[in-house]
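The two complexes that follow have subunit A in common; it is paired with subunit B in the first and with subunit C in the second.
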Partner chain A sequence: MSDLRIINLEKQYSQTPKKKNPAFSLKPVDLTINEGEFFSLLGPSGCGKTTLLKLVAGLVQPDAGEIWIGDANITAVPPEARRFAMVFQQSLLFPHMTVEDNVGFGLKMQKIGKKQRLAQARDMLVHVGLDGFGSRFPDQLSGGQQQRVALARALVSNPRVLLMDEPFSALDPGLREEMRDLLSRIHKEFRFTVLFVTHDREEAFHLSDRIGVMSEGRLLQVGKAKDIYEQPESKKVARFLGLKNIIEGNVANGRFASMDQAIEFPVGESIKSGASYMVLRPEMLKAAHRHDLQSPDSLYLRGTIQQLRFNHGFYTATVQVEGHQLESHFSNQEAEGMAVGQEILLVVELDAIHLTSE
Partner chain B sequence: MNKKPFLLKTTLFILLFIIIGLPFIPLVLSSLSFGWQWPHILPESFSFRAWEYVLFGSSGTWQAVWMSLLIAFTVTAVNILLAIPAAIALVRHQLRAKWLWEAILFAPIVIPPFVAVMGIHLTFLRLGLTETIWGVVLAHISPTLPYVVRAIIISYSTLSVDWENQARMLGAGPVSRFYYVVLPHLLPGIAAGASLSVLISLSQYLITFIIGSGQVVTLPILLFPFISGGDPAVASAYSLLFAGIAIVTLTVMDTALKKYYQNKKTAIEKG
Partner chain C sequence: MWQKSKPYLLLLPAIGTIVLLFFGGLFDGLLKSLGYFPAIGETGFELTAYTELFRSSAFWESLSLTVRVAALSSLISAVMGAAIAVSLFMLNESAKSRNTQLWHRMFQLPLTIPHLVGGYIIVLLFMQSGFMSKIFANFGWIGEIQEFPVLVNDPFGWGIILTYAWKEAPFVSLMIYPVLSRIHRSWRDVSRVYGAGNWSFIREIVLPAILPAWTIAAFIVFVFTFSAFEVPFLLGVTYPSMLPVYSYQLYTSGTLADRPEALAVNIVLAALTILLGLVVYYFSKRWNVMKGWD
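Right, the complex of A and B next:
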């Protein structure tokens, strides 16, 4: 087993008077990434995810904490001896070397003979779909191709962990998706451990086995994409995941009530009393018919449609319910006959409502 | 459409010729003249006397040329060895009083060499370095090093740390990082600094004169007495020779660099 373990890793940047950077600190992070896992760190820019990645790489020295791989403590090992690989935001191909030499660079550093080096480099180029590009120079390639070469260069020496720092953020959207698929396919094929940093939710959801959500130097929640989406542990996580209908309220006597008392429903025993936030996922809100029997397991909300927008494949409606604006997704069928200004009864199953703390 | 650039080109060419080419004409005439006095626009009679003296006579011209080149290239080699670590320190490392280090390194550009050389001379006298080639080489470093450092610093500051980090992540230790990633990027800067260093070293008179005490004979040492009164024809011939040597040296360095890049490219394409 060679899991990557991060134990209470911590880094403090003091305020630099010249650059006026505010002091930034990475709060102790504790995390285990399993061998072969694709793990993403998701967070807004400046949340410390790149700092954490650089700490793992060894490019930045931690103030406290340890990094282990398997049963070896590598905290003091310099980056060049860690046998990690890293793909940066820019492809950073060495301009005076051919594509083949770029890919073979890591092997050259391991003192592997030229013949074998080139053979392995060419083989890896085939995997990233750049067969026959070996003798070109980096400036003869497009941005996407350059990033593929960077990926091949990182993978060819069979790293213990592949670190990726927003590797596709400099590419345009179509290309980004293509690269995402390529990376996903290669990961399934080689099963290397990946620590991937991104601010793109879609990218993280698409690629990752598990995701860690970061904000302001803190690792807020770690889990499978579905779990963190359906059960965010805090309002911050919910906000960052793009969840829309977050309503502040209180839990008392087994019931949740929004601040203005407009929305109220019973909650399970396990929910503890106090300030709370309800999260209503837009796709869980359905239109109910007035004459339907009202089920006790559902919450009914009466409101007015304020806006109806066609999104690729479905409609997004903004519904005013008392003082709250709720966003809801309707299929084409459901949306038929709806109009702005119309009254509507929304229904959501109580099980689908998620309660979270600050 | 093509007319405008053509016109611009011709104008520029003529301008360049007036500024650079024209002064050479009286120099050539003067070197070939035999007594060229006021008010004659052209010399009355021509002779190769001056050129014969400079090129074939017992004037020691060729020894001086070799000495000049030997000193210039030694100085440049030492400069490069000194300037690369200096540039790395100034660009990459968080030095405490960076401005002070830079001020010290660049001071020789601002302070007249004469001032520094007087002090250096005294020290060199004690150390027994005067009248030696090494003494002259060391003294030449002070006016040339700032230019080499400057050129390499500019080159280096355009290389983002990410490149070195990338090489690091691929397993490259400090030496490999420097050799495979940093050096290729610095090469144009090193070449620019080296040309300046060679040129400045070649044209040093005062420093060579004081430190070498007339024992280390370079081309400017031979040239100056003729300019300051002796024989204008010989002085002109020496000036032309001096310009020629400088141009040839620069051209050779430039071609060597281009050749290096070409070889590298073809070698890669073949391999």
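Right, the complex of A and C next:
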């Protein structure tokens, strides 16, 4: 197996005298990416995800820690000998080379003969949907096409790990989706190991087998998309994943109570006492009917509809519950007859409420 | 109407002066080289000066010396200039420090020194009684200073070549450096990830990038040394002399009858320069050296 193992990798940038804010540092990161896995590092700009990627590529030297691929320690191996490939935010194609030569660059560096090199490059261009573009120069291609060439250049040399640094962020939304599908299809076909960096949640959720959420130089949580979405381990992760309805409170004597005591419900025995945050996913909140029997396994919240917005395919309602504004999603059918200012009874199953720490 | 022609009218004095002095001088030279010289009573046109010139062995020896000196100085300064520019570029990439600035300034220094002074520096350093021969003698590498090779006022033209190589290398690097700075910093990262070491990066990315500017810089140096006067005059020998010096010798020989020949040398120089310019233009178009960079 040639898993990529990152062991306590650390990097501290030196403080520049001109900048007053403290220098960036990447806190020790411990991570294993399985062979053939599509792993995304998700986090806001400046959280250290690109630094981590460059450390893995060997373009930046770590202060401490090790990088292993299979049973080989590659921490001290220079980037040119790692047999990795990287796709950057910009395509960074060499302007004086044709598309074919650009794609075959890695192979040329591996001293593969011209004939074989060009044949492989052309073959890869077919895979990225650029058949017949080989003899053009990069400036004759659109932004999306250039990024496809960059992808072909990365894949053709059969890298041990493919590193991708926000490769689609410079493209417009339609094109981004198209590229995402292309990458997903190609990954299924070739099953290479991918370490993908992005700040786009949707992109990470769409593509990844597993996701690592980063913030301020720390790797906060690693897991499958569904797991980290439904069970974020901290408020920070929940916030970054765009989760709404995060309410501060306390757990004591087997019950959670919001700071203003307006929301209260029993919690499982495994939940520790102390400060806590409840996360209520908008799609789990339903409208209850007054005449329904109130179930002990559910939490009921009475509030007033403050806003009702149509989103593509469903409605988003903002409901004022005591001192809290909760967001809830309703289907077209459910939203029928709802109006701003109307009272509403919301219900959520206790199992669907997630409690997390700071 | 006034608005449209105003810029041209404002430029007129400058353009007029250039046309009068440059093209006027060239035209006057052409007329005189063709034997039209009213001052000595010659008002006809003939090609005697040219036929005489092409028949004289002094002219051909002078031409071959000129081509050799110009070719060697542009070649050496082109290689040195490119090496300087690439080293500065790599230095800049690897460490942004005050040292880099210092190196920059040091390599630019020869640009500020006039050719004549440069020539004197070479004389003082490389003549048989100069610094270099004394250092060599003191270290015991040569017995007497007379054993030091004749590098100044030598028939081969080494003194002139050394001066131009030293003086023009910074010019070549100055021409190349801005092109190098257009090379994306991340291209180095890209090439490293795909397996290119320093030398492969230079061969595959840096050299193709600088080739157009490099060719043009080398050509400018060639044309300049081809028709330059003061350094060959100072550091050359009386025979054979480089073409501009040969022309000067003919012009000041004391007899007015030699003047058409002297001016014919200048016209030949100008014609060769234009021809070289056309050749370089043709090849730069044909090689498509600018492809993709714009």
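Keep in mind that, in the parts below, the second predicted complex is superposed on the first by the 353 of 358 C-alpha atoms of A that agree within 3 Å, B and C clash if a C-alpha of one lies under 4 Å from a C-alpha of the other, contacts with A are read in each partner's own complex, and residues count from 1 in each chain.
Keep in mind that, in the parts below, a contact is a pair of C-beta atoms (placed from the backbone, for glycine too) under 8 Å apart; a residue touches a chain by one contact, two chains touch by 3 or more.
What you see is a predicted model, and the numbers here were worked out from it, not measured in a lab.
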### Message
Should subunit B and subunit C be called a clash or a fit once both complexes are overlaid on subunit A?
### Response
clash
### Task
Pick one for A:F88: touches subunit B only (first), subunit C only (second), both, or neither.
both
### Message
For A:R153, using the defined touch cut-off, is the partner it touches subunit B, subunit C, both, or neither? Pick first, second, both or neither.
### Response
both
### Task
Applying the touch criterion given at the start, work out whether A:M109 contacts subunit B, subunit C, both or neither, answering first, second, both or neither.
both
### Task
Mind working out whether A:G223 is in touch with subunit B, subunit C, both or neither, as first, second, both or neither?
neither
### Task
Could you look at A:S135 and tell me whether it touches subunit B, subunit C, both or neither (first, second, both, neither)?
first
### Summary
subunit B and subunit C footprints on subunit A meet at residues 57, 59, 78-81, 83-86, 88, 90, 92, 94, 96-97, 105-106, 109-110, 153, 157, 163
### Task
Show which residues of subunit A lie in contact with subunit C when the two form their complex.
54, 57-59, 78-86, 88, 90, 92, 94-97, 105-106, 108-110, 137-139, 153, 157, 163
### Summary
The subunit C residues in contact with subunit A across the complex are 184, 186-187, 189-197, 200, 204-205, 208-209, 291-294
### Query
Can you name the residues of subunit B that touch subunit A in the complex?
162-163, 165-173, 176, 180-181, 184, 264, 268-269
### Query
How about subunit A: which of its residues touch subunit B in the complex?
57, 59, 78-81, 83-86, 88, 90, 92, 94, 96-98, 101, 105-106, 109-110, 135, 153-154, 157, 163
